[in-house]
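Letters are used for the chains, namely A, B, C, D and E, taken in the order the chains are written, and counting of residues starts over at 1 for each.
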Amino acid sequence: MRLDVILRIAAKLMIPFIMLFAIYVQFHGHYSPGGGFQAGVIIAAAVILYAIVFGISAALRVMPRAAVEFMVPLGVGIYAGTGIVSMLLGRPFLDYDPLLADPVAGQYWGVFIVEVGVLVTVAGAMLAIFYAFALRGRP
Amino acid sequence: MSLIQAISAAAGGAAAVPAGPALGLIEQLPGLQVALPMLGAVLAALLRPGWLAYAVMLVVALLSPVISFAILHEVLAYGPISYEMGGWEPPVGIEYRIDEANAFLLVLVSIMMAMVTIYAPRATASEIPARLHSWYYAMLLICFCGLQGMAITGDAFNIFVFMEISSLAMYALIAMGKDRRALVAAYQYLVIGTIGATFYVLGIGLAFALTGTLNLVDLAVKLDPVQDSRGALAALAFISVGIGLKLALFPLHLWLPNAYAFAPSVATALIASTATKVAVYILVRFVYSVYGVDISETMAYDTAFVLLLASIAMIAPSLVAVFQSNVKRMLAYSSVAQIGYIMVGVALLNEAGLTGGLSHLFNHAIIKGCLFLAVGCVVYSTGITKIDQMAGLGRTMPLTMGAFVVAGLGLIGVPGTAGFVSKWYLIQGAAEVGYWWLVAAIVIASLIAVFYVGRVVELAWFREARGAAASPRAPAPEMLAVTWALALAVLYFGFQTDISAGVPAQAAEVLLNGYTGGAMPVAETQGGVSLGE
Amino acid sequence: MESETLLWMSLGIPAAAAFGIPLAGRWPNIREGVTLVAAGALFLTVMTLLLRVLDGERPEAYGFEVVDGVALALAVEPLGMLFASVASTLWIVNSIYSIGYMRGNNEPRQTPFYICFAVAIAAAIGVAFSANLFTLFLFYEILTVSTYPLVAHKANEDARTNARVYLVLLMATSMVLLLPAIIWTYVAAGSADFIQGGLLAGAGLSAGMLTLLYALYIFGIGKAAVMPVHFWLPAAMVAPTPVSALLHAVAVVKAGVFCVIKVTVYVFGLDLLTETGASQPIAYVAGFTVIMASLIALMHDNLKKRLAFSTVSQLSYVVMAAAVASPLAILGAAMHIAAHAVSKITLFFGAGCIYTAAHLTKVSELDGIGRRMPVTMTAFLVGTLSIIGLPPLIGVWSKWWIGVGAVDSDNLWVVAVLMISSLLNVAYLVPIASRGFFMPPKDAKPGEPIAVAEAPLPCLIAICVTAGLCVVLFFGVNELEALLLPITEGAAPAAAAQAPADLAQGAIQ
Amino acid sequence: MVLLTLIAAITVGIIRLKNLFAVVVLFSAYSFLMASVMLVLDAVDVALTEAAVGAGISTVLLLGALYLTKSEEAPARFSSLVPLLVAGGTAVILVWGTWGLPDFGSATSPVNTGVGSEYIARSYEETHIPNVVTAVLASYRGFDTLGEVTVVFTAAIGVMMLLNRGRGKGETQGEADGVGGGENGEG
Amino acid sequence: MELISAIVEHYNYWAVIFLMVGGLYIVVAKSNMIKTLIGMALFQTSVYLLYLSPGKVLGGTPPILDKAIKTYSNPLPHVLILTAIVVGVATLAMGLALIVRINEAYGSIEEDEVIDLVDREDAAE
């Protein structure tokens, strides 16, 4: 038990930075490698680390299963919903041009929005899968 | 989403639509065809009470045939439709390209989905734990979405993505079967399906390395000068084997019987009637449209080999089906045999043959859908899956078994049923090129169907009911209604063949011309093969 | 009424009956009423058509295109008219008989029985009026499928096994041989329509190919029961007697030989066959079947089995005559359809009456039955004599024309076959009647009068009607000839000269 | 080249080792090396993803599965001739097929003159996103990515359907209430 | 000489082919389900390399635009492979979930043992 202490402290220190890194990967994806998927995986990794170190129950308090299960479809909804908005605005599915007055800006922010969708689903899905495995082992 | 609209409204809203005319509803239909089930799945997964998820599925499933019929109508009236995903012109963006062949397939898949959906609620309630209903419905929608996506898209890599979407959903659906063997079946399908998909990607990768493009039309154009090169042939080989695994082409069919036998009734009916059909379409698309009939001519030797393989595929699984004890597995083996029929049509390389193959795609979907749904009714009412226990069911469940008989006749290919029409074309195609051994194989395979269908029919109608068969639970009216709707469709399409054979005939013509535009007239491309009188 | 409407009605009436019977299933009297009314209506419809055909009209009805260039379509020509008339007439008689038989024997599941019966009649009419090979094949298969439950009616092990033989043999021949033959014809000739003078006339197939194709047709039409595809017929004897009558007289085997004649005349054409001699080998096979089946019949003690092999033999008369391909033989062949129908149905009704009233099935048990059942046995005797071919019964005419046609085409061996087989007919049929009338019953005490115990009244009415028809048709043969002569018109001068002028213009297409 | 040789060595190790735990660790190392190779091939985005997915998520999942099952492989019961033939056949076709492919690193091969160069030429102008991969991923081929997200969605729901036990009232606890996940398997 | 240079120039392809065959061999030959899935992952990963290799341009840089750079590697394969990786991990997760359930149901993760049990159930029907 005592040996955990170092691990716990290290984890407590690291997790915020991991989250920060995820946010960086997400928002800087336009300029450097990364994007919604990688950021989602990293967020999930942070929570998984938390779960491994502090126990699954603690992780479930931070990220309840219901929330995770909600995130999984939500991200796809955001992504596909963007496409539907394009259609409502008279352009083909997933055409971001009409989202803003300037088509280039539309593209820029359209990509941003769908990346958020990716992030939500990927983070949710990875956690959901992790929970599914982790909780299966419990009596 | 309201956020987006708010932003967009703040920035000038709809008035700011950039150059180019706004698309009307009709032009948007191809986009909706895939987006609708996808959003439906999202909603179904979000909604906790199963019945709400079901309501979503019902709406989607009833809208889809309308959309696909509208698309088919457009295609028949005005020629191929191109829909630019994301507004990017092909080959830069992903293109939806719909001609007679895949418009036909869209209609088929969406009709079967609608049928299965109407059938679903009570069958699901009796087979799946209530807490999983929402997810189960979401998976059905996702499976549907994936199949539609494969059928509609004009991009080689996009096909792969949607193939995996539908496959993953299928693995999950199959694993939901009550019997624990369903898990093993799902696992085996997962391994084989993934290998198949990876082979497909490998093939696409080779083709991509040669041409630098993924758009099917573009690929066809750019492959044309190099398509006899090793890389191109290897690509075709990998694509064929990969899809062969997916569509359970004999002898790559080992995963299929158990998967069909142990999946829940609704899933079986949907998968059996659509999944392999879409895979066949993909193969046809590559062989005919992308590579063109002339490649097959340079590979005439292989074509004869495929025909031989396909005729074994018609007969061997049929024989296996005769000796099955589980009715669903019997039908599954029969499905493998029917894929052999379709492959015969595809490999014949003439219009009658291809028409027969495509029309059998349609007819077999309806026939097998009806049979599996009828078996689903039996399972619902009695829990019986073994053939021996079905004795006397004709007397206690006359309507269900009546539908089974009608669809069974269709499977045999009795004239007046849909199955006969496609067999007629197949035999005609084989006769035109003088392959009499192939004609013999086709008729013998049909004859074997008499045995395995006849066995069930005789047991059900000319024996006394015992055990569970003697006192079945009252059937669900909507399940019966759907089963009979399909049974009547089997009869209807035995006479009225505008859709089931007329559209395939047009599609066959389009396919034989290839994307590169029929540089060779069909008659000439048959080359070394002697024509009938 | 429009002839086209009448054509559709002739299909629709029995089909409608098939839907109406289950609705009335709970009330047997109404149910049988539906059958009888439908049978009567069908008879009137067909007779109206018959009168018009005799006037030279050739009604047609077009359904819809099913496969490229092949449609579901109906067309009336004299041969089909004859078959339809036979089937619709005998449906009435057989229905009356069925009522007596089914109730008399307390058979189970009578509703499905009447449904399948009506479907079979609809299919037989469809075969008769089909305008092309596709339509013919369609109704041919419906006939097979709809009679399968009838054969399996008793649902015991024996019935199931034999029904299986029946279904598999008929399905196998039709799918493996007939269907490829049809598609071959379609591919070679570019059409599947029946054409006066022969569809294949200009297709340019060699003599060897034609022989092969003809053989595919003859063996593919399993219902014609040419050896070696005759097994199903004796196997089907497990069915109740009205079903046997349906199989042997009303629809099934008649559909088979009808198809043979139709294919011979309208697909191959007599001229083509005469020129190439393509059908000659089949004629020998059929001749062999005639003799062989008669010999087998002689060995069977079971009454229905004996009658079954008699049917096999009689059917091959028709096939042999068709394969001889001379116009007069075709006339005889067509006439034999009607002749054998009325004669054989009489014999089967007789067998059924004996079973219903006395529960006897073997020939050796029939001693003295003629005294107990005088009406039945008299009718039976009439049928026997008609089969043998004695005047004043219809059987004589068909054999006469077949013989004349054979001589006409230098096939004298056919005459020999006819004579031998007639002698064999005497040998296996006459003893039945003579035992019945002249031998004393085994269990009867000498000197005691034997009580008359006949079958139920509907059965008696039916058997008398059919026996009467044997006689009536003998005298009405001129009308038959007038109806049938246009079939072979143009094929050979001898036939055309005999045809009345006003019928000469009636061509099919 | 060195990297690739190393990866090949690891592959041999994965084939030979019987202890599944060691195999998973090797797999993780394999993924890291693979990510390095991808980096060399200029595929930075892919390398990042492969590292996160292959060495991260996959390893966690594999270890989780091992924890729930067994960690030792049973000795093979069948001869390995057939698999060798299958694998060998594939190899032959591949060697045969790739022989004619363009050389490594050429800027003039069809791949690099095709659509790919077009993206580089126009993406900034049209989207103002300097990372071309992101632009292509989310916009030009955005539909593929939507499909990809759907795949993740499907897998998550599929896994939850398979593994989540029935949920009692303690929703957040996610504890089993004794009802088997799915109806099968518990027997 | 030409042959050798051809072999060297195609080194990437050889490596890819070796990995692919190794992965495929594991899938077909190994009965242990987890190992099969790992083999499948190897097989898939090798295909990724096949995509990426031809897209590399010698002297090029990652496709992140910068005014200072003229030559970029091809971005399209990267995009495709990103998608493929995600598909691969999704399949892996699904497969592992199935294995866990099979282990609970049959008490084994050896495919041949499980299939024996399944066959026995079939025979018992």
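A few remarks follow.
To be clear about the criterion, a contact is a pair of C-beta atoms (placed from the backbone, for glycine too) under 8 Å apart; a residue touches a chain by one contact, two chains touch by 3 or more.
By chain, with names taken from UniProt: A = Na(+)/H(+) antiporter subunit B; B = Monovalent cation/H+ antiporter subunit D family protein; C = Proton-conducting transporter membrane subunit; E = Cation:proton antiporter subunit C.
All values reported here derive from a predicted model rather than from experimental measurement.
The chains in contact with chain B and with chain E alike are A, D.
Touching chain A and chain B at once are the following chains: D, E.
Compared on C-beta pairs in contact, D-E and A-E come out with D-E as the pair having more. On a Cα centroid basis, the chain most remote from chain C in this structure is A. Spacing of chain C relative to chain E, judged by their CA centroids, is 69 angstrom. Chain D has its Cα centroid 19 Å from the Cα centroid of chain A.
Averaged C-alpha coordinates give centres for chain B and chain C that are 45 Å from one another. Taking the mean of the C-alpha atoms as each chain's centre, chain C and chain D sit 71 Å apart.
Multi-chain contact residues, meaning those touching two or more other chains, occur in chain A at positions 31-33, 37, 72-73, 76, 80, 83, 93-94, 96, 103, 105, 129, 132-133, 136.
Shared interface positions of chain C, defined as residues touching 2 or more other chains, are absent.
In chain B, the residues touching two or more other chains are 38, 41-42, 45, 85-86, 138, 157, 161, 164, 168, 171-172, 175, 180, 183, 206, 208-209, 214.
Pairwise, the chains that make contact are A-B, A-D, A-E, B-C, B-D, B-E, D-E. Contact residues of chain A toward chain E in the complex are 31-33, 37, 129, 132-133, 136. Chain A meets chain B in the complex at residues 70, 72-74, 76-78, 80-87, 89-103, 105-106, 109, 113. Of all the residues in chain D, the ones that touch chain B in their complex are 93-94, 96-102, 109-116, 118-119, 139-144, 146-148, 150-151, 153-155, 157-158, 160-162, 166-167, 179, 182-185, 187. On chain B, the positions that touch chain D within their shared complex are 38, 41-42, 45, 85-86, 88, 91-94, 128-129, 131-132, 135-136, 138-139, 142, 145, 149, 155, 157-158, 161-162, 164-165, 168-169, 171-172, 175-180, 182-183, 206, 208-214, 222, 229-231, 233-235, 237-238. On chain D, the positions that touch chain A within their shared complex are 44-45, 47-49, 52-53, 56-57, 60-61, 64-65, 67-68, 125-131, 133-135, 137-139, 142-143, 145-146, 148-150, 152-153, 155-157, 159-160, 162-165, 171-176, 181.
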